[in-house]
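Shared between the two complexes below is chain A, which pairs with chain B and chain C, respectively.
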Partner chain A sequence: MARFRPFHAIAVLALLGVAAFPLYWMFVTSLTPSARLFGAAPQMLPDLAQLPVYLDALTTTSLRHWLFNSMVVAVGTTVLSLLLAVLPAYALSRLKFPGLLLLGFVLFLTQMLPEAMLVVPLYDIFARLGLLNTLLGLILANTAFTVPVVTWILKGAIDAVPGEIEEAAHIDGCSRLGIVLTVVVPLIAPTLAAAAVIAFFHGWNEYVFAQTFISDDQLRTASVGLASFVGELSTPVHTVMAVGFIYTLPAVVFYLFVQRYVVAGMTSGGVKG
Partner chain B sequence: MTLNRLLTPLAAAGALLLAAGAASAQTKSVVTFAASHFAEVGRGDRLKAWVEKFNKENPDVEVKPITIPFSSFATTIFTQMGGGGGPDIIRFDLPEFYAAVAAKSVLPWDGVINDADYKFTSADKFMFVGGKRYGIAFDTANYAMVFNAALVPGGKAPANFDEFLAAAKAATKDGNYGFAFRATMAERGGMWYDLTNFVYGFGGRWSKPDGTPTFNSPEVIAGITAYKQVYDAGVTPKGTDAATYRRMFWEGKIAMEIDNGGVATILTSEGKAHPIGAAHSPFPHREQGMILAPATINANTKVKDAAVKFLRWALQPQQQQELQTLLGAANVATVVPRTAAELDAMPWLKVYDAQTPYSVPALPQGLETKAPEIQQIVVAQVLKVLQGGMAPKAAMDETQRLVTTRVLGQ
Partner chain C sequence: MMTRPAQSQPQAADQAAAPDRSRWTAAVFVAPVVLYLLAFQFYPLAQQFYLSLTDTSLLNPSRQTFVGLENYRDILSDPEFHQALRVTVVYTLVCVAGSILLGLGAALLLDRPFRGRGIARALVTIPWAAPPVAAALIFVWLYNAQYGLVSRASQALGLSAGGFNWLDEPSFALPAILVTTLWQIFPFSAVVILAALQGVPSELREAAVIDGADRLSVFKAVVWPTIRPTVALLALLITVWSLRRFDVIWIMTQGGPLGETNTLVIDLYRRAFVYLDLGRAAAVGIVGLAVAVLVTLVYFWASRRAEAASGRR
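Now for the complex of A and B:
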């Protein structure tokens, strides 16, 4: 039986508090009456009588559209990234060919340039391809940034898969593609989950492309919709905080859903064989 | 995790992707119109309703308001224009207008309107570059002081800078602040206007009419010194952004602000519970900056004729009257007298209207196309004064040097 270590428990609770406090503060602020919003003493407890502000946020703004759009973009980015990254990751891990290292390096080129630098040429290309004002365009742009990272994460996991398993499958008549899809992919599933989290959060939080490529209000993502409340003349603080709080929830739920795989994925490859 | 468990969410996501494609389909031809106003609570909805009136009257054209957050408005528009797109009609702030003209990103209005058909305001002269019209003044607004009489000692506006500073100090107590202005690089554009009001109020100008920079003239340095005095007096909610301190004002937490007429309209309508008044700014000179926002036609537009149709509609007397009313203490492209009802509802309007002869665009004259670069340098140097303890004279000498060498290449 594990021994209870009070200092560890306190440290964990303190870290949890630091991580969760911004979320709590958002929630409290969203429910603080206007008259006390700028009071000398900060409000530390939520006033639950103000809960209708959440109903207002859901019914009087385009928040539901924005969340749906963000979900489409985030899930689309995740799926496309994983699909596109598996084969290059396998190739980087298993195949030996001239320029292997260079290829791995080139993959990271998009990571070396900030989004702001690529947004103008991408806008031009997307305009020609009819991808402006489409969620598909956002998914493609985000995927370009997540595929290199996901590829390298998966490469690390594939490195840790014993070659003997693949050889056995090969002797049994399995093709190279069959080995990747039916043998390797299931074995690296925890790492796929970890990579999925990275791709999902990138797609969920992305702002610059979403702000620039989308002009139709109904196609805005939640990150841009949230920013649109911060005005020149005034900011509806309660609405911003309520929308911000709601905006974080799907991402938190997604993480809770995959977190057990993520932990396994983060540690996979640490012990080989 | 089995392969099936992995493939199920992938299939669901594939369905979502298809939904994305379907949701993205858009075949309707429209004129897009971007203005930061559209994102504003209240005023944005009224402006959208005004645009919708055009749509109802003109079934062959649909003007579609584009909402872009104010903080990233200029960056987003210029990015889109650089990529060969962007909204068809754009309401710029003046600095971005001149930059867009210089970059040939907006169309000259050759033959778009006949100037003789309209009685334009005096601000219309700023719509011409090289003798060509590039827009109309969609809205202009003067600057004056708004104050909460319940928080200001004696209940009346201070008459000079010393009285102002004393009143701001006296009002700063019990969680209230005496004054608010911008003092962060994050709000560079807004801080530029605040600085300009101080500089003009102390008799300074950013440049001479021929474009010679005067950033280190004694009057400009006096304005910057006054700005620092207010900053150091501890009478402002430091770090608070303008949208938030404006709300604090109408919640009765801030005693005084120097702001434009559009803002004053919001402050007075939202802060009805407080005795809010207006007075001219408490500086030695009456001159103050002004908001001047031109409506322009994007050079990348594919629907110029439809855009022109909307702009001609907007210039009709009835639409101008309605636009001016919905914007509040602002003026529009043409001369529109205030109605008795407006003056009754907003008696402080007279203060803002009386400021018109003293309103000067907040740009360095003769250097308008360089305004964004100059703003960056000036604000950075002033922040060194406010937060780094640099002497105002040294900072403005450095500003003069940087503008002369880096911006003008002399």
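Now for the complex of A and C:
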């Protein structure tokens, strides 16, 4: 282990402070009663006696519904994205077919389309299909944006799988689909997990579709519910911050646990120049 | 994302024997995703393009007249649109340069061995893991004119008078949003660059140090050439993401004050849902998309040239 370098240590601590402080501040604010919030000096430490404010946040707002809806949207987006992406990722990596390059380009092109740009036409389409005000509509819209990314990441992982393994299965008489499902998918499991995390976060965070397509408060997602507090004055600041913290903390903790695999999965074939 | 197709040579023989079958397999494998994207990306995009050639209003969307390129002529002579272009360029350039510099700094700090490095590498990704809406909410509160920590601190230091509303000040709103965005995205750059740093040959680095090279020249001669392609790709990704970012800006300022944070995406949303002018909104969107495609093509052209140049050496 290297010797202790004070400047380096200070720089690392400063970096972590910058990264973590806003969340810490959200937590402290949620535990500061209004009287002290608007006092002369800010309260810098959390007052744990105020923890019951979290019960208030769960009971006085629709937060429970919002979190449930966000979870449904995130899980739905993840499952649908993976289901749709595995086979084209394999085809892009292994099969030669006319339009291969075009498909690759089209997948990348979707990354340039802003969600906000497709809100109007998608609204129109969903209105005709009866998908407005449904979580399924949000899942379908989100998946359109996650599927290209997931496909690219999986393709990178499949590129790294040696072809001989498949050949053996082929000789044993497996069909191509059988090979993909029984041989390739298990081998790229770490990357599948990484892609799943990326799709899940997209669904959990998504705002503009949920804001525009959902009008029923019970069907709102947490991102929209939280955003509805901005500029609104009737809900106390500490309640708003408690809601925000309940929405944020599980995502951050979950990410801290899985991020090692996400990085490994993405770099195993993904983000290599 | 986006590796060069690392050609695997598995079933060459098998494919030569049955090329038709392989084509059919490919078609079946690719069809669902192609249909899906046609339905939910390219059909809406085509519709948007058609809208941009009409005078459709959200008040009465079924009554529309074809107006040709009139919407494009209108927005191209509209000062609000010019401002949106300018704001978008500034926002995007600062996002790219800022997040790469911060990410590079963080990556270099976290690349050296020290106790607790694993935990530090995990903790630095907190901002990236936080939902953008929550990030926007926290920063709105930090910038709050009376009670926000930023305002309190600047008042205590005598930098501003009481009640200074950062997000309402034309010259401070965009920087305030940039700080929020950079806080959110720099960890992504840090993690990607950190991964690229693992590819720096340590023997080379050590040899350079033994030869008495100072840290800056080691970076320039050994580290930078290795991570340069990754940084270039990162720049492209951040450019494309910045051009389409909506949530943080919309929640913090909705494009205001006086249009100072009105990026193309915000402008398009405002024209559609505030001015109810779907035709011009669509035209703004198409122009924005053209900008993004152009940037990407330039990137691929430049990286191919750089590759060719380094190949010749």
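Just so it is clear, the second predicted complex is superposed on the first by the 230 of 273 C-alpha atoms of A that agree within 3 Å, B and C clash if a C-alpha of one lies under 4 Å from a C-alpha of the other, contacts with A are read in each partner's own complex, and residues count from 1 in each chain.
The rule we apply is simple: a contact is a pair of C-beta atoms (placed from the backbone, for glycine too) under 8 Å apart; a residue touches a chain by one contact, two chains touch by 3 or more.
These numbers were taken from a predicted model, which means no experiment stands behind them.
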Clash-or-fit label for the pair chain B, chain C on chain A: clash
Touching partner for A:38 - first (chain B), second (chain C), both, neither: both
Contacts of A:216 with chain B and chain C, given as first, second, both or neither: first
Contacts of A:103 with chain B and chain C, given as first, second, both or neither: second
Larger contact residue set on chain A - chain B or chain C: C
First, second, both or neither for A:119, with chain B first and chain C second: both
Which superposed partner A:230 touches (first chain B, second chain C, both, neither): both
First, second, both or neither for A:135, with chain B first and chain C second: first
Partner chain in contact with A:250 - chain B first, chain C second, else both or neither: neither
Partner chain in contact with A:46 - chain B first, chain C second, else both or neither: neither
Chain C clash site on chain B (candidates 22-30, 130-138 or 238-246): 238-246
Chain A positions touched by chain B in one structure and by chain C in the second: 37-38, 119-122, 124, 212, 224, 227, 229-230, 237
In the complex, chain C residues that touch chain A: 1-3, 5-6, 8-11, 14-15, 22-23, 25-30, 32-34, 36-37, 39-41, 43-45, 47-48, 51, 61, 106, 109-110, 112-115, 120, 122-142, 146-147, 149, 152, 183, 187, 191-192, 195-196, 229-230, 232-233, 240, 243-244, 246-247, 250-251, 265-266, 268-269, 272-273, 278, 281-282, 285, 288-289, 292-293, 296
Contact footprint of chain B on chain A as seen in their complex: 34-35, 37-40, 69, 71-73, 75-76, 78-80, 82-83, 119-124, 127, 132-137, 139, 181-182, 185-186, 189-190, 192-193, 211-212, 215-219, 224, 227-237, 261
Parts of chain A lying in touch with chain C, wherever the complex brings them together: 1-2, 5, 8-9, 11-12, 15-16, 18-20, 22-23, 25-26, 29, 37-38, 42, 84-85, 87-88, 90-98, 100, 103, 106-122, 124-125, 140-141, 143-144, 147-149, 151-153, 155-156, 159-164, 166-167, 170, 176, 201, 204-205, 207-208, 212, 222-224, 226-227, 229-230, 237, 240-241, 244, 247-248, 251-252, 254-256, 259-260, 263, 266-267, 269-273
Of chain B, residues touching chain A in the complex: 1-3, 6, 10, 12-14, 16-17, 19-21, 23-24, 26, 32, 34, 36, 39-41, 43, 66-72, 76, 79-80, 82-85, 87, 174-175, 190, 241-244, 246-248, 251, 253, 262-263, 266, 270
